[in-house]
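Shared chain: subunit A. Partners: subunit B in the first complex, subunit C in the second.
Here is the complex of A and B:
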């Protein structure tokens, strides 16, 4: 079994989950509580990776982080290396690809927090930020856990985006699903079967745990 | 600075309902002000506006000389800055925190322990809100609000979440707690009995406007107009003492007079309520009548309103009677006349 690829996928999934918690929780809060009229545009944008073919998403990300793009050029100037076909580039792509999986359950859970509890906290003199930390986040912890688990699991299995942005470099960008693809291409069906079974078992366990935690995983926060 | 809460606000809701309320609450002399009105009259909206949870379209709110809201000067203080403790109908206790953590949520140093003690919550400290009764939840909510040292308490239908027996039990208790806190309180209710039991002052809200405000007794006894009279429902509210009980009847002493009513097992201080329509008038005390209560009095005023006449009497206590204008004319009732007020025992009810 390609342990190097498995370890790389776990590292990537872990880092993606951390990035998505840092980025996704504030974004989910904004989606759940903002009264802006153009909120629906952001909602659609966040949900886009659910519907876009991974190759299309990967292609755009590749262009966006390439050395000719402002972002890629800036990264190159600061670090002296390039984003495409690197672990860092893969991380950006994974985070974007799994964004809806992190944001949707968290925003749903934020939205489900009883408004009166939030108002009660305000009337007790507790600031908006402290109320978010002390009332909203603890009451939405199941949704946050669900978002984290789904982000991790989704990243573990991704293929198209990884191939477009990261390519197939052993130890750097060759994730578990690309390794399986390689094994099949090389007609090493035994190895492919073994690795696939591992991923199947892992995915099932993750989903079972998620559903045990919270029944409503797919509720989009639409009031 | 005037020790007053002055509020003049207008707000149009999406439903088309318009709240246009003027309210002045003298904070020093009245512990509890009741915001009274039928459901849909805008009471809760007004309370939320006072708390800063909703902004009016225009107007001003001034508390002890500080502007809380002023549309002209673009002032709208956040709820955190107003420090008005708000008690929600369902109490809104934080479900992920214990009773003690709820009370301590925003407590100023040492206040939490003090509140836990004075609200008798020590035994419940480690329990979660769902594990305590409705009445206990109310105490926790009040303790939590007071621990944050509010300048004003706002209570939205504080007894409505309780079942009927606990509601009756908590009524007097709630007033006791509010008075003891020494923080002025505004209590929203649509229940007349609750208003009488809890309030010192009362403002009547009908269709989004404050129609009348004054002491509870005053408003009930002298409704400003027919709309207020209809919404408050009863004109005669008489604090009484129970002087005796026999054969299923209670004898009440009101001043020097006695009234009888059905004994429903009440005890302690009694507030007798009599609809003005249930008070008949006679020139002389009738003989051979089934009516138990005949009280001599003097006519103070007679006001004819359409087919009805509203007669105010002085019987040692004020008593209002509504009779037909025709009867008033037939009896030739004039201010200063001596008359006999006749009230069936079944028409005298406890608040």
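Here is the complex of A and C:
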């Protein structure tokens, strides 16, 4: 059993989820409430990873973070290291890959918040920022939780993108899906089966627990 | 009814097209090889699928509809023959693969002059190789580095592609500065003018024996045996040589 790969995948999925919450929630709020005409362009951009094959996305990301791109060159000058074949590079790739899974449920939940409650809060003199924090976010927490779970799950199962930008370094970029693929390629079917079963069990437990928790939230509305 | 269905399945005439499962590294050579084969054998229809030899092996074990398997590693067809999934006695070597140290032409590293010393250039942070766990070219790369006595020193720079094409892509994209790839890739039409290489001495790694086998599905197919014959002919070896495949040992 490749515990190192399992632990790496969990770490990557966790970090990706955190990054996506930090970036995705404001982005979702903007998508839900902005009156800009060109909003649809941003929506299309966010949804793009759903359409693109992971290998295409991975190939673009490899070129975009490689040392020949302006971004990759800048990162190299600032940090002295390189993004491809590193955990940070994988994190960027995973965040882009799972972006729609984080943003769309959250934007949907924001959109579904009763406008009257928001306006009531404004009329009571609560600022826009505070209204967002104290009214909209609590009412949309179901959607935010869904976005977080989907990001986590999607990153755990990510394969094509990691394959393209990872370089398969043990403990750094060899995630669980890559490890399973390697085991199959090397004809170690028993090991592959074992790891796959563990991943299956783990995924089921994580999803079951989160849905159970969510359900409780549903039954007892806060306050 | 069942007998009828069975009859349809077995009615495999001599004109049946043959489907080849070919290793990805053959992609460029195969077009020329098949053009020559078709010119010599009118009316024989051949189709090709390219992919990783290991994946094909797993698919064929599960009875994928292929007639001929051309593997980058003769070990896979040999196993299929042992498992009774191939026509007995049809196992044949068709080429020997070579590996080279490759950089893009724009690289400041003069790899063709430096040889292994190119890896010590301060600009080299990553060396791309195919995964030695299951890719024959990767196994050869590691063996060659070990026999040159540099593996321990360089192993922390290694990044692994899942197959030899992806390894090439790591270097082409600039993500890795240098890589060990197949000579057949360095000579591929799309890559030929984009890079420079140094051929790693063939005696420093075990030969990369490429071999094929006729699968049980194609038992008795005239096209399949004609193709096998052709792949072992001197004419075919000349074509393969142009694409970086040396003739098989003995």
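Here, the second predicted complex is superposed on the first by the 203 of 223 C-alpha atoms of A that agree within 3 Å, B and C clash if a C-alpha of one lies under 4 Å from a C-alpha of the other, contacts with A are read in each partner's own complex, and residues count from 1 in each chain.
The rule is short, and it goes like this: a residue touches a chain if its C-beta (ideal position, glycine included) is under 8 Å from a C-beta of that chain, and two chains touch if they have at least 3 such contacts.
Everything numeric here is computed off the predicted structure, so don't read it as measured data.
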Contacts of A:135 with subunit B and subunit C, given as first, second, both or neither: first
Which superposed partner A:85 touches (first subunit B, second subunit C, both, neither): second
Superposed model, subunit A: greater residue contact from subunit B or subunit C: C
Subunit B versus subunit C as contact partner of A:29, first or second or both or neither: neither
Touching partner for A:126 - first (subunit B), second (subunit C), both, neither: first
First, second, both or neither for A:6, with subunit B first and subunit C second: neither
Touching partner for A:103 - first (subunit B), second (subunit C), both, neither: neither
Contacts of A:116 with subunit B and subunit C, given as first, second, both or neither: first
Of all residues in subunit C, those that touch subunit A in their complex: 52, 54-55, 57-58, 125-126, 128, 131, 133-135, 158-162, 166, 169-170, 173-176
Subunit C partner contacts - residues on subunit A that touch it in the complex: 59, 62-63, 66-68, 82, 84-85, 163-165, 167-169, 181-182, 184-187
Subunit B - residues contacting subunit A, complex: 51-53, 78-80, 83-86, 88, 90, 92, 94-96, 105-106, 144-145, 148
In the complex, subunit A residues that touch subunit B: 114, 116-117, 119-127, 134-135, 138-139
